[in-house]
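Two complexes follow with subunit A in common, the first pairing it with subunit B and the second with subunit C.
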Partner chain A sequence: MAQPAQSAKKRKIKGDGVWGYAFIAVALIVYAMFTAYPVLSAFIISFQEYKPLGSTYIGFDNYTATLKDDLFWKSIKNTLVYTVLTVPVALLLSFLVAIMILPLRKKLQAVFKAVYYLPVVASGVALSLVWLWIFDPMPGGIFNQFIGWFGAHNQNWLGASATAMFSLVIMAWLSSHGASIIIYLAALLGIDDSYYEAADLDGASFLQKLWHIVIPSLKPTTLFLLVTAVIGSFQVFQNAYLMTGGGPDHATTMVGLLIFDNAFKYFEFGKAAAQSLILALIIALVSLFQFKFLGKDVDY
Partner chain B sequence: MSLYNNHTGSRAGKTARNAVIVVLLLLFALATLFPIYFMVMSSFGDPVEAGAVSYSLWPSSFTLDSYKFFFDYSEYSYRWILNSTIVAGAVTITNVFFATMAGYAFSKLRFKGRGLLFSILLAAMMIPYQVTQVPLYILIVNTFQIENSYSALILPGLVTVYNIFLAKQFMSSIPTEIMESAKVEGCSQLQIFFRIIMPLSKTVMAVIAILTFMDSWNTFFWPFLVTNTMDMQTIQVGLKNFRFANTTYFSPMMAGATISAVPMFILFFSLQRYFLEGVTVGAVKG
Partner chain C sequence: MMNKGKALSLMLAATLSVSALTACGGNNNNNGAASPAASGSSAAASGSADAGAKDTITALLPPVSPTYQDNFDQMEKDFNAQYPNLTLKIEPASWEDMTQKLDTQVNAGSPPDIAFIGSDGIAKYVQQGMALDLTDVATSEMTGDYDATPLEYMKNGSGLYGFPAYMEVHALGGNKQFLEEAGIDWKKVQKDGWTYEEFREAIKKGVVKNGDATSRYGFVFATAGVASKDYLGIMAKSAGMPAAFNEDMKYAYTSKNYLELLTDLRQLIDDGSMPKELSSVDAGKRWNMFLTGQTMITGKGLATFENSAKKNNEKIDAKDGSAVKDSIKVDYIVLPVPTFAGALPISYTVVDGYVAFRGKKEPTAEHKANIAKAAYFLSSGKVAATTNNDLFAAHITKSARDAAASMPMERDPNNQAAVQTMLSHAAPARPDIPAELGAKAIKIENEVIIPKMQALLANEIKPQEMYDAVKKAAIAAFGEDGIVQD
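Up next, the complex of A and B:
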């Protein structure tokens, strides 16, 4: 911020400091009580063996136990596989759809935006129930009928460890693009026409314009969507919890689900807290990595 | 002129291109909407066990018996909808009010530590909710002992950082001069906030209201954790219980899913503009 502007502002709204604190008071209290305190508390709990009547400190035991736990690493691997299979595909699909919506008339644009956004509005529990039946293992199951058209055989989609993860991935492909399509479209509409005009004068083709103008211009948007999608994907577990319970044979146990199970199925609060903090660290590192290596020439 | 070439004025070429695009978009839309179509369509089937059902893509019968079956499952099934409405309504009102206030303070008022406090708030958005989940549960259930109450469902969501962020983003575009002249006219800060800022911020308040209501209505895990009797559960938790108690009843399950989803569809179609605006407000230049 420029120095003169700052001091000018300071002079203008002098004496409002007290009001500033008054206006944020409720927000700060809620934040302190239900976010800041729980985060600090999570650190403390992670060094304890939690018991309702007086926990005992056990040092780093929860952390070392976690790092030695094969299931923890499997859950990390599952989460990575899920993220790598869903996030790039969802982003690519959103990008392509946004590009295709762009030349249409405003009315038609609005219709498609609404249609693609609709699954985002539906409750996750409702959608998971529907997909549970779509993946019905019987020959009459909708998805089995669908692949039957292509001559493929019945699969026990959610019930076999070979296909369970893939089933969750398919579900994500078809229900997680609503917001990113709208964000991409907004960014596309924000690209200055003069770039295209200059390119037209040089006789650039559609693909050349796409490659040299659109993709670089949308880089900040892509980075934003990528980072938020990866953060979200690392915490995903509702569908796994409701549809497979993490099975079969832990094939769909995401790290979020493992933490949930440890906390509320086995009531090992200490272990769950330690694992959640390791997850937070991993998310922070992955986000940092993306900004550093993908955000090099992005300016905000 | 734009990304797409104009086919040197050939209208037929442009029409053909758009037709191909619309067909492709429709195909993808079909895949996207199919689960929702399947859910609503199947909910009108007979409430019989799944062994006897063969799924079809077209309705073979039309009856509301499955809805009756769903509501008959628990004497509290109507209460679930009421609970969801109460919780979502309360959280929406507090979020609109307190997030707008905080957003105003963070964007327009100068006070010591403003930047630092806002960064601390924003940092929370990076923390996965798994971290706060266990301590929050202990706080509500063991410390406050308000398990299974509306307070337990509402308090942690009174005002979210994301909504404060939305409000701040929006209000930074309101010219500061307006407030200055109001001050010269002798308005107090409270008057400025209620008479000037709030009327000018209707859009962002609507966006916050809608997104908050939808999130709260659809949320599953927190109500699932802190409620333990059917009369305090929300529709999402009730739906999950219904599913585990009636694993083979296909149509009634779809009826329940439809009941939990349709209020949001209605809200979406009537207030679409604000939903879609909410998506971009938070994303563009964070």
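Up next, the complex of A and C:
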């Protein structure tokens, strides 16, 4: 009697397993086609002089040319500057907004979450048009009118090296924090109320609670957001492409824009692929550094 | 029941994946064989199709003129009526994504058979081996219909890679009232041209100041965004450098004339005749400044701007709310570009047209001939007449001139004559410049000239610094012997 029952169980497990593999297969095929295959292709192309009618292998030429290219290093420097200036401020702003939304009623919370998330779903091109209007270099431009109230002369925001990068940084500071705010809010809601109750009993102030309860509890979330924001910032492309085109004099040429230019302006796909892989390596090293030094006392 | 649910979920997941794949996997280059509708039979693939075999020709076309894309259905019908065995399949594209769309298709090895692009873009596709040489399938009836100069622009080396749609002059545009108030004899300028010194003095007179602020500039040229290469490119023609390479195939922008040109262009901003924020003024902004009376002269000027200004005037008269905000009525005057460094006037002419492409597979002779038929159909006769009239552009084929004879066009005769004068000293086509050299020059333009020009206009570097940077890049690309050293 025991044997038929066991084989039926086996069959059942086998049946469920098939379904499991089938579902995994769909995701795996999509991953293989849209992620693994392009990465593998990029790796192969990076050793080639790419031509649609037949590429030729040129060894490490694309890598050596990239490493000798002053513009590549300038673009890496620009990207680093942009990342250092934008990511910490963006995280701080998201955190502050989330803290301010937290005490609100649920419906009001939802309204603010939607409002802050809206720029994430809005078209980047449309947003850039609005920003171009804000950064209008003539005296009628919004920022120029604003600084005019303080007696300052109008600035060529996107057209001068001194202000072009800063203008892109302002754009990053003032837009698209929606995802970070929602993640921070979820994490804030996950903190056990008993911590706050105990702190209240001890007579802790708001800032003491923030420092001793909230910030340590949010450390895993902050690390996650930091790592993903740095990765996103290293790959920044759209703002520079639409707002400055990398100018003036390459003051805002980010590495993502340089890769795009090499691929689609000059058709140097091999060089662009090599630069993409070098960028991936840099991002991996930076992420590793973040996990190693900032993630030491983070519990998941 | 449970299995049904799982199967349904799996099907949905798979459908999602397949639809994503389908979206990415389109191949619109049939090479005469990709689909039964295109080739009629597999014989086309082997190059032995009958002359009357069915075929489809694909074309990627931007809004060449304001009404151009509205006529696509009619154009497809007319083509099919003329060639019953052939189908013209037009894919519309906006100007903004035209190049990117085409480049993506080209690099994937599946471009359209025909795309509307500038003739200066032919070289890079020839270098890739993706432009299709129509020399052996373009009949003498076809080639004989075109004016010789624009047809030359569609060549690279000995190959003919398409047919031209129009030849336009990139000029300047002036506000008649402001020009006359400044005492500028614009009719004389239209006829005889002007030197840099004369131009400099003229635009100084166009400046109007309210205290410290400038309410009207003498001259505003678009230099940002897609117009970033226009300013220097257009002016360099009349500074003794009609092309990036001289006839000895030496890179020209290392000539001392180039340094003088850069110095002159910076001087116009230092004079206060042009805005100090010029490096951020894009094509839309400067046209707005022109229509709102914030500048006396603008650039670049195209023939169609006369029409745009006229239409805006009509809207102002009709108190139509869609007129440009704060705009004034403007009589648009075509003006030539000044000459620099004592050089002869050479007009920057733009020849755009229908360029033929091949896919990864070699197209059959029959399909190639059909591509030539479609490119000729689009660039001549009624289609060209309608489009060029819409653009106020001069006709460059006999068949279009004949077809346009009965079409009304209200163009200012002085402007028309000024354009003809400029066309008489148009920059000659340079099919002799090898594609490889042309590609290197384009890279120097994008990586050095445009960024440095932005810095020069923003007063961050001196003309000498920009000149030195261009020379350094040119020596690196072409060697000491490959550049002009005068």
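Going forward, the second predicted complex is superposed on the first by the 284 of 300 C-alpha atoms of A that agree within 3 Å, B and C clash if a C-alpha of one lies under 4 Å from a C-alpha of the other, contacts with A are read in each partner's own complex, and residues count from 1 in each chain.
Keep in mind that, in the parts below, a residue touches a chain if its C-beta (ideal position, glycine included) is under 8 Å from a C-beta of that chain, and two chains touch if they have at least 3 such contacts.
All of these numbers come straight from a predicted model, not from anything done at the bench.
Annotation: superposed three-chain arrangement on subunit A; subunit B versus subunit C shows a clash.
Touching more residues of subunit A than its counterpart among subunit B and subunit C is B. Of the two partner chains, neither subunit B nor subunit C is touched by A:92. Once the two complexes are laid over each other on the shared chain, residue contacts for A:130 go to subunit B alone; subunit C is not touched.
Once the two complexes are overlaid on the shared chain, A:281 sits clear of subunit B and of subunit C alike.
When the two complexes are overlaid on their common chain A, residue A:17 makes contact with subunit B while staying clear of subunit C.
Look at A:67: by the touch rule set out above, it reaches neither subunit B nor subunit C.
In the superposed pair of complexes, A:215 makes contact with neither subunit B nor subunit C.
Shared-chain residue A:264: touches subunit B and subunit C both. By the touch criterion defined above, A:52 lies against subunit B and subunit C together after alignment on the C-alpha atoms of chain A. By the touch criterion stated above, A:26 is placed in contact with subunit B and with subunit C alike.
The superposed model built on chain A shows that, among 23-31, 167-175 or 185-193, the segment of subunit B colliding with subunit C is 185-193. Where the contact sets of subunit A with subunit B and with subunit C meet, they give residues 19, 23, 26-27, 30, 33-34, 52, 136, 264, 269.
The residues of subunit A lying in touch with subunit C in their complex are 19, 22-23, 26-27, 29-30, 33-34, 50-53, 71, 135-139, 154, 156-161, 245-250, 253, 261, 264-267, 269.
Partner subunit A is touched in their complex by these residues of subunit C: 6, 9-10, 13-14, 17, 20-21, 100, 103-104, 106-109, 124, 128-130, 213, 224-225, 228, 275-281, 285, 360, 439, 442-443, 446-447, 450-452, 454-455, 457-458, 460-461. Of all residues in subunit B, those touching subunit A in their complex are 1-5, 17-18, 21-22, 24-25, 28-29, 31-36, 38-39, 42, 50, 54-55, 57, 98-99, 101-102, 104-106, 108-112, 114, 117, 120-121, 124, 126-139, 142, 155-156, 158-159, 161, 164, 176, 179-180, 183, 189, 193, 214, 217-218, 220-221, 225, 236, 239-240, 243, 250, 253-254, 256-258, 260-261, 264-265, 267-269, 272, 275-276, 279-280, 283-286. Residues 9-10, 12-14, 16-21, 23-24, 26-28, 30-31, 33-39, 41-42, 45, 52, 93, 97, 99-104, 108, 110, 112-119, 121-127, 129-131, 133-134, 136, 140-142, 145, 174-175, 177, 179, 182-183, 186-188, 190-191, 193, 196-197, 200, 205-206, 209-210, 213-214, 221, 224-225, 231, 234-235, 238, 242, 256, 259-260, 263-264, 269, 272-273, 275-277, 279-280, 283-284, 287, 300 of subunit A are the ones that touch subunit B when the two sit in their complex.
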